[in-house]
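Consider the two complexes below, in which chain A is the common component and chain B and chain C are the respective partners.
Moving on, here comes the complex of A and B:
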């Protein structure tokens, strides 16, 4: 790492193109969304947060918001738990890279294509339901639980797991590869078991990466449109689907509502991110100095 | 950074090891197998575990879809352009973050992280009017630009890590020997970065392939990528035809990979066996 004088403009030139791109699109974009979500026509008696009030009174808003939160929280937490367990076992027991490559296969296909796999395997007339019938656990398709296009978003969660566990693997495998395993010897010498090793050696190294991964996954799942649109139901609708339909429909009258909804979801994602980052700040600092 | 001398010793627990392998096969691989079988099946009656008869019928009926070939071409074109823009913007940005300390760096890092946090759907809704005004809606270029938004943060991350791991010694050595900036990029960084370039290209391509809402809003139905054709099929079409369509979505990244591989074999000469370390 070079520390350079103030008159050196090289690093600025390097980051500038990407910075301009993001400012032009992302910062301008989100700013416009916020501006358009406000009611700036100064009619008598109309509130500046008129659209937010309308939004709160819309049928389906609250149930959609809760569904979105549930699906993103469940999918994020489960992908991280399963992904880390798999990374740990991969590193310790299955070092051959062919198995790692197999586990990364889902990253190759789009989310909506993965959604079709969920239909093929998990729908009431799908492959698993057939398997259950073969072992005479069920007699007809209607006895199989509704897992795809269900009210609780189970099909959506399972499909996200299938897509995101490989992502968690991708993020956490490098941590395992560069871990200092002499600490494990210390724990074992002092009589600690598997759990102690995980808690005191692996967890502190994993935590910053997992928090980052978790924020990325939560933000993505909370606002992604494709899977909830294909695997969801008409009521309750996840908020991204709601916003997209308000925005995209022929008349533009619901656009301010879509903007208000997108502002709400952006703020929620940012709150989650700030809280999680805040939780690890102290720890991360200690770790960085320890390296 | 400390590199561990040895992997920790394990007590043998073959049941668990096999359990992990079976989980990988059942959870990650089985769906692909069922998908392939479905694409070649002619009538697969519940609750049979294998299709009764195999045929090319579904593939033939998908090949009669007139939008298929144009959609694949435009999807590949957009994916290629998106990946290249990612490299052009992402490599310098990654290098700037990895090798320099400068005033305002944490602000720059925050801006580079934001696109992963702020919903891209929101961003696209926000720039829609602007895109209409500058004439980029309903155009391939407009779609390419919005596909760069969800991909570039990952690309910058990939190259930042790569440059951090490579360090700046290679560059200093080349500079000491009198190499120009351009020569350094071409003969030092490019060969060393090839594994990262691979990852970045693949990731950008797959993410670009996966966009429906962004393409629909900015492309306005005029830019018909494969995803735009796929969505109406999802509800209406028969299972086997949709299975073929889904197989194509898995084959495209693979063919893109092969295309990129042969391209750089053609254009990058010199020592190609370096591995970053």
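Moving on, here comes the complex of A and C:
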């Protein structure tokens, strides 16, 4: 009978390590960042959100935030669209071993190395521009489009695509494998074509997975600093780079600003996650997932 | 003629699944297609619906060749063993699904949907989701989803297979009435003999990818074309590839008196099981000499393992018009 008490508490005991880890590293970290972003020396008479106000007035903040949002949204959406397209093409035609290798290879390469590869391959003095100049498709290498260190973050987006499309492929392939294709016959016999099959059979099954994948990608791209640091320009700068530089600058005066910026990006990622997850919590999609 | 398949052939790799199948369907008619599992019934329906490409032959609808048409261009709708309702759509959205694809005006669509809900006796289920419905209700919604398209031909692939026996018998009468009222021509696939007789105006027997016999259910029952048809569809004792004794000619006897009479034949058997059906004592008798079994009514109760004689007049022995061997050679 004594073991009954232990059994009752077993689920809680089992999640305890994860809970400790999460509170210690994640919650404590976020808490500290937030605390340090506040102006707690109130005796000076300045506002508690002094650094946030300062942040909003900082030159480059708004353009950096917009660039970060643009790059994250574009890279996430394009990865998802291309990844799902590839999964659709692959699941019947390409053997598991081949697409696994294709998907895993780019995933094993660190983002920093991928950024370096992008510089080597895609910059105006890179391999591709050299190759095109050699075969005289372009007159000189400076005619090659600016893909790396460009203002719009194109190089960053392209490199993220190379890294994240395989991730989307890995996430959506199992959905395709598990899909009940008898529904395809139902759609066809009721007069539907390819598009209707995608809309009625594939999309509802994909959506929950794609939303989760999308949130992961968005949060990662929005806050990761290595690719924008390598491939971005001085102005506008993605906010992750801004936070990194303020944090490691010689003087500590900009540290609270870095903390405020990190708090802002955390809140933005949370908002995106809550809104998107809320969308698929509807009855319809719970049903699609539950069955 | 509404539908005609001409020498329809279907091969998977090199395995022949349908071998020159010819069937006809007239307006308003329900054709029962009966055959054992794996005989190619579902494949035939899928070919007619356009869901499976054919390997040879033609499919004609009102004399027009539709063999090359895609499923969504054919005036044919197929209904499957499982209801396969879209789980994320409500009952109403499921029913009007096909009309929506067709681009029907919303008002017309909703009115047709409501009318269908009345017809399948599920008014008030508009906003329910499929998981809230019982198996029988789901299959009724699937039928509504098919019928709302007003197809010229409805193909039903064992639609009651997933239902329990009691529900099955009530729903099939109901479906037959509904199909007749809507004047929809249908091919109804089943491996259940009783269901085939009840549902079909006409019957086709399919075995190993071939149609072995077509006719009215009673005609096929009384005059099976060959041994395979007799074993599948008739009640009686198959003596060999050529001869068959219908069950109503056989009497069960426990003495040898009758046997010695002229004009009678008898086989020794052993009772393998007994039960009561529709108020009649029934026994299943194993006949070791023929290596076969037969189920038949008995005038009294026999116990299991009891020795009996199956006696029948010589002139009731039925000779098959087709020889199985000839069929195979063809």
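Convention: the second predicted complex is superposed on the first by the 267 of 291 C-alpha atoms of A that agree within 3 Å, B and C clash if a C-alpha of one lies under 4 Å from a C-alpha of the other, contacts with A are read in each partner's own complex, and residues count from 1 in each chain.
We take it that a contact is a pair of C-beta atoms (placed from the backbone, for glycine too) under 8 Å apart; a residue touches a chain by one contact, two chains touch by 3 or more.
Quantities reported herein were computed from a predicted structural model and do not represent experimental measurements.
> Once the shared chain is lined up, is A:240 touching chain B (first), chain C (second), both, or neither of them?
First partner only.
> A:25 in the overlay: touching chain B, chain C, both, or neither? Say first, second, both or neither.
first
> Where does A:230 make contact in the superposed view: on chain B (first), on chain C (second), on both, or on neither?
first
> When the two structures are overlaid on chain A, which partner does A:109 contact: first (chain B), second (chain C), both, or neither?
Only chain B is touched by A:109; chain C is not.
> I'd like to know which partner A:189 touches here: chain B for first, chain C for second, both or neither.
second
> Quick one: chain B or chain C, who's touching more of chain A?
Looking at chain B versus chain C, the one contacting more residues of chain A is B.
> Check whether A:204 is in contact with chain B, with chain C, with both or with neither, and answer first, second, both or neither.
After superposition on chain A, A:204 lies in contact with chain C alone.
> Applying the touch criterion given at the start, work out whether A:33 contacts chain B, chain C, both or neither, answering first, second, both or neither.
A:33 contacts chain B only, not chain C.
> Share the list of chain A residues that count as touching for chain B in one structure and for chain C in the other.
182, 185, 291.
> Chain B touches which residues of chain A in the complex?
Touch list, chain A to chain B: 1-4, 6, 8, 10-15, 17-19, 21-23, 25-33, 36, 86, 89-95, 99, 102-103, 105-113, 115-117, 120-121, 125, 127, 129-134, 141, 162, 166, 177-182, 184-185, 215-216, 219-220, 222-226, 229-230, 240, 243-244, 247-248, 255, 258-259, 262-263, 265-266, 269-270, 273, 291.
> Which residues, counting only chain A, touch chain C once they are in their complex?
182-183, 185-186, 188-193, 196, 200, 204, 283-285, 287-288, 291
> Okay, in this complex, where on chain B does chain A touch?
1-8, 10, 13, 16-17, 20-21, 23-25, 27-32, 34-35, 38, 46-49, 88-90, 92-93, 95-97, 99-103, 105, 108, 111-112, 114-127, 129-130, 145-146, 148-149, 152, 156, 168, 206, 209-210, 212-213, 216-217, 227, 230-231, 234, 239, 242-243, 246, 249-250, 253-254
> For a test of understanding, state which residues of chain C touch chain A in their complex under the given definition.
These residues of chain C touch chain A: 46, 49-51, 70-72, 76-78, 80, 82, 84, 86-89, 97-98, 101-102, 129, 131, 145-146, 149.
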